[in-house]
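Below, each structure is written out as C-alpha cells.
Heads up, the next two complexes both have subunit A, just with different partners, subunit B and then subunit C.
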Partner chain A sequence: MISARSLFFSRSARTFLPILILVLLATAPVYASLYTLISLSNVFMYIVLTVSWAVFSGPSRYISLASAAFFGIGIYVSAILGNVLPFPVVVFIGGLLSFLVALLVGLSSLRLRGMYFTIFTFGLSELIRHSVHWWEVNMTGTVGRWVVAVDQTIVYYAMLIIVMMTVLVAYTISRSRLGFALRGIGESEDAADHMGVSVNALKIITFAISTFFMGTAGAVMATRWTYIDPSIAFNPLFSFMPVLMAIFGGIAQIVGQIIGATALTVLADILLTKFPYYYMLSYGVILVAVILFLPGGLMALQAPMKNWYERSFVK
Partner chain B sequence: MSLTLFVDITVGGLILGGLYALIAAGLSLQYGVARVLNVSHGEFIMLGALATYSLYTLFDINPLISLVITGPIIFAIAFLIHNTFFQRLRRASESIGEFEGTSLLASFGLLFIIQNIALLFWGPDIKGYTYFDKQVNLLGAIYGANRIIALLFAVGIGLGFYFFLVHSRFGKGIRAAAQDVNTAQLVGVNIHRMLGLCFALGALLAALAGSLISAMFELTPFMGLPYTIIAIIAVVLGGLGNILGSLIGGFILGIIGNLVTYLHPGLSLIAYYAIFLLLLLIKPTGIMGK
Partner chain C sequence: MPILEGKSVVKYFGGLVAAAYVDFHVDKGEIVGLIGPNGAGKTTLFNLISGSLAPTSGSIGFKGEDITGLKPHQICRRGIARTFQLVKLFGNMTVLENVLFGSLFGKSMTSARSTAETESSELLEFVGLSGMGHILAKELSLANQKRLEIARAMATKAELLLLDEVMAGLNPAEVDKAVDLVKDIRNKGTTVFMIEHVMKAIMGISDRIIVLHFGTKIAEGTPDEIAKDKKVIEVYLGLEAHAES
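Up next is the complex of A and B:
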C-alpha cells in the first residue's frame, strides 16, 4: 500500500520525486498555458539567484548583497549584444562577464570580513547602478534600452537548463572538498587557514562561479522584459530576495533553497495581483517572522512534521 | 575661486554635513553599541520628516516645536522594536557575528514594514511645505533662512549629544559598551537597558534630523534609503563603532557631497559610493582608526 509516508519520506521517493518533477517541467510547454510558462520562468529565475547566492554565502557565511549587480550585468549584455550575436552566445557571455567582474571584485574585497564584506557588496551594486544610469543619461542620451525579444518557450527552456546546471554545480560543490573547505571558513576562517585551506583563493573562485549563473539568468530574462533601464536591471531587490528566499526555505540544503524561492515567488504573484498595496509590507513581515521564529527555514519543519506523522498515523 | 563661491560651497556643505552628522551618529550608536547595522535607519528619518509635515499642514504646529513631539514618540517606538525584535534575536544567536548577520536581515524586513506602512498612511506623492524661507545673505551667497536654522539646530543637537557622550555618566557607559560590552558589564554598566536605549537614541537622532530636513527637501515614503546609505558611509568613514568619528565623518561627507554637486550635479551619489568602496579597500578602520 502506498502511504503518504512512503511518498514523501522514503529513500526511493527522494530519487523518484525529482525525476517526476523534471519530466513534468520539461513537457510543460506541451500542455501548460503561456501564463503558466511565464510564471514558471519567473520561479526559475529566483531559484537560480537563490541557489547560486547560497553556493557561496550559505556555507562561508559571507552575506553578499551584490546579486543584483551580476544579474544586471547579464541583462545589459543581452541588451547590447542581443541583436548582434545568437541567443546562446549572448547568454554565455552574460555569465562569463559576471564571472570576470566577480573575480575582480573578489580579488579586491574578500579580505574584508563579516559586516564589511556585506556593506561593500551592497555599495558596489549601488555604485554600478548609479554609474550606468549616469553613463546612459550623459553619454547615450536615453536612460532605457530595448532588448530583442525571444520566444517564450525558448526562454522557458533556457531558464530550465540554467536551473538544472545551477543545482548540479551547487550540489557538486557542496559534496566536494571545496564545499567542506567553505563550511570550514564559515565555522572559523582562522582555523581553516591554519589547517592549510587556501582561504582567499577558495572564496574568490566559489564567489565567481556562483555569479556565472546569475549573469546567464539575467541575459535570458532580459529578453522577456524587452525594455530595461538601470533601476530595473540593478534593482536592489534582486540582491535581497535571494537572501530572504534561502533563509525562508532553509539555507543549509539546496532543496530548502528551491522550496523557499518557489514559495515566495508564487506568494509574490498572488499578493501582487490580489493585494498590490500590501505586497512589500507582507514581505517585510514574513522576513522578520522567519528570522525570529523559524531560523532554520521551512526545512526545519521537516523533522517535527515527520515525527507528528509517525506518531499519529504509523502504528 | 571667489569668496562668495567659497562661502556658498562651505556653508552648503556644512548644512548637509550637520544633518549627515546627526544621522551618522544615530547609526553609529545602533551599530557601535547595539550591534544592529540598522538598514531601516533612514525610515526613522522619513517618519520624523513626514510626521513634522503632517503636524505643520494639519495642525499648524511649528516644525521646530514638533521636534519635541515626534522625537520622543519615535524614541519610544524604537525602544519597543529593540526590546522585542532585536533583544530576542540577540539571545537566540550563538555569537555576536551571527547576531550582526541576522539583525541586518531583520532590519531589512523592518525597512519594508515601516516604508509600506508610511506608504499606506501618506501615499506615494511627493510632499513639501514652505516654512520660514526668507532669504539670508552670507557674504553674497544666498540661503533660505530655514536651512541656516537647520544647520544651527543640527550643530546644537550634535554638540549637546557630544557633551552628553563625553561628560555624562550614561554617555560614559555608552562609550564603554561601544569599546567592549563584556568589560563594560563587569564594571557595572547595565547592558540590557543600555542596548535598547542606544538603539532608541539612534532613532531619536534620525527623527530629529528628519524634522530638520522636512522643510528643505521633497518628502516621500521612499526618501529613507539614500540617507541610510549616506549614514553607513559616514559611519565607516569615522570608523565602525567610533561614535565621535561618525559625527566628523558626517561633516566631511556633507562638504564633499556639496563640492561634487557643484562640479557636476549628477555625480554626488556616485562620488559617495566611490569614496566608500575605496575607503573599505584601503583603510576599513576609517579615518580615525589605528
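Up next is the complex of A and C:
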C-alpha cells in the first residue's frame, strides 16, 4: 500500500517527481499544442532569470537590478550575429558577453553595499538601454532590429537545456564552499572577510557566472520575438520580475524560486487573457498579499501543508 | 621573539589622529592587554592589525613578515584572527556552521568537510558551547555569542588572536568564565592580544599591558607597573584625583 504521505513527501518522491516532470517536459513537443510550448518557453525564461539572479543575490543579499542589462545583451547578440553564426554559437556568445560585461560591472560596483549597489545596478541597466538607443538612432539610423526566427520547438528545447544548466549550476554552487562563503557575506561581509574569504573576488566571479545564463536566455528568446528594440530588450521588468518571483516563491531554496517564477508567469498569462482590464491590478494585489502574509514565500506553505496531509490521510 | 610588531604606526581620520607613532610588540605565547579610555584608539589599532584599515604610515610585521596594508582575508590566512567589539556573527547560520566557516576559509583551509566538522565540534566544547551546535547563532545569549566568536576565530587556526572587549556586557560570573577561557587559549599555545575595560580581569590575566590615550602609547609594562604608573592614573582618574591621593 502506498500512503498519501509516501506519495508526496517521501524521499523517493523527491527524486522521482523531478524526473517525471523532466520527462514530461522533454516530450512536450510531441503532445502539447504550439501555444503551450510558447507559454512554457516563457516560463523557462523567467525560471532562468530568477534562479540565476538568486545564485548571487540570494545568499549574498546584494540585490541586483541589472538582470535586464544582461538579458538584453543576449538579445542584441542574437540580433546582430543571428544570421552570421550558427544558433548554438550565437547563444553561447550571448552568455559570454554578459559574463564579460558583468566582470567589468563587478569590478566597478561591488565595493558599493546595500541600497547603493541596487541603485547602481538599476542605473547601469538604464544607461545601457539609453546608450544602445542613442547608437541605433544616430549610427544605425533605425531604432529596432530584425532577429532571424528559429523554429519554436528548437527555442523550446534550447530554453529547457538552459533551465537545466542554470538549476544544476545554482544547486552546485549552493552546496559548495563558494555558496557557503556567499552566505557568510550575506550575513556579515566584514566577518567573512576576516575569516579568510576574499570577498570581492568571490562576489565578482559569482555575479558574472549568474549573468551568463541571463545572456544565453536573451539570445534564445530574441529569436522568438523577431523584432526587438532597446525598450523591448532592456525592459526594466526583466530586472524587477526575477526579484519578485524569487520572493514570491521563497528565495532560500531553488525549488521555491522555480515555483515562484512558474506561478507568476502562468498567473500573468491567465490574468492577461481572461481579465485584460484588471490584469495589472489583480496581479499587484496578489503580489502584495503574498509578500505581506507569507514573508517566506510560497515555500513557507510547505510545512503546514505537510501537517495537514499527515493529519488527513495518514492514519 | 615578537610574533607581532608595530613600528611607529600612524593613522589619521581626516585631522583626527587615532594612532600616533605607536610602537608595540607581542611575544609568542603572551597575553597582552590593551587598555585606555574611550576613544583612545584601541579598536583602531586592532583594525590596523587585522587589515580593516590601512595605516597612514608605519609598519606592522607578523612572524617577521611585513603585513602592512594587506586585506583582512590575507591577514587571516597568515594566522591572525579577531573578534569584534560589537559581535559580528553569521546570525542566521547555526552555531556549528559559524565555526565551520572559520575552519573552511581561515589559515587552516581544511578541505575535508568531515575533518572541519570534527574540529569545529571540539572547539565548541572547548569554549563551552557543546550541545548548542544546531541553534541559530542569533538566538544565543550575548555571553555565548562572544564565546562563539572566539571559537570561530580559533577555527581559522590562528596563532594570534585579537580579542576586542570579549568581557564587555557580561555579568561577574560570566567574566570569570571568560578569564578562564582566555587562559586556556594561551595554554593551547595561541598568543592573545586583547582590549578590555574590565580592569580586574585584564590586570589578572595579562603578562603585559599597553595603555593608549588619544592615539599615543602612554605606558607599557606588567600589570603591577601599570597600576602604579602616574600617567595612567591621571588618564583614568583625572589629575585632581591623583593629586588628592
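As a convention for this text, the second predicted complex is superposed on the first by the 315 of 315 C-alpha atoms of A that agree within 3 Å, B and C clash if a C-alpha of one lies under 4 Å from a C-alpha of the other, contacts with A are read in each partner's own complex, and residues count from 1 in each chain.
Simple rule for what comes next: a residue touches a chain if its C-beta (ideal position, glycine included) is under 8 Å from a C-beta of that chain, and two chains touch if they have at least 3 such contacts.
All values reported here derive from a predicted model rather than from experimental measurement.
In the superposition on chain A, contact is made by A:Ala181 with subunit C only, not with subunit B. Once chain A of one complex is fitted onto chain A of the other, the partner contacts of A:Leu24 are absent, as it touches neither subunit B nor subunit C.
Judged by the number of subunit A residues each one touches, B leads among subunit B and subunit C.
In the superposition on chain A, A:Gly196 makes contact with subunit C only, while subunit B stays out of contact range.
By the touch criterion defined above, A:Leu104 reaches neither subunit B nor subunit C. Applying the stated contact rule after C-alpha superposition, one finds that A:Val143 touches neither subunit B nor subunit C.
Put simply, subunit A uses no single residue to touch subunit B in one complex and subunit C in the other. On subunit B, the positions that touch subunit A within their shared complex are 37, 85, 88-89, 92, 97, 100-102, 104-106, 108-113, 115-117, 119-120, 229, 232-233, 236, 240, 266-267, 269-270, 273-274, 276-277, 280-281, 284. Within the complex formed with subunit A, the residues of subunit C that make contact are 50-52, 71-74, 76-77, 81-82, 84, 88-93, 97, 100-102, 104-107, 109, 152, 156. The touching residues of subunit A, counted against subunit C in their complex, run 177, 180-181, 183-184, 187-188, 190-199. Against subunit B, in their complex, subunit A makes its touches with residues 61, 63, 108-109, 112, 114-116, 118-120, 123-124, 126-127, 130-131, 134, 137-138, 240, 243-244, 247, 277-278, 280-281, 283-288, 291-292, 295.
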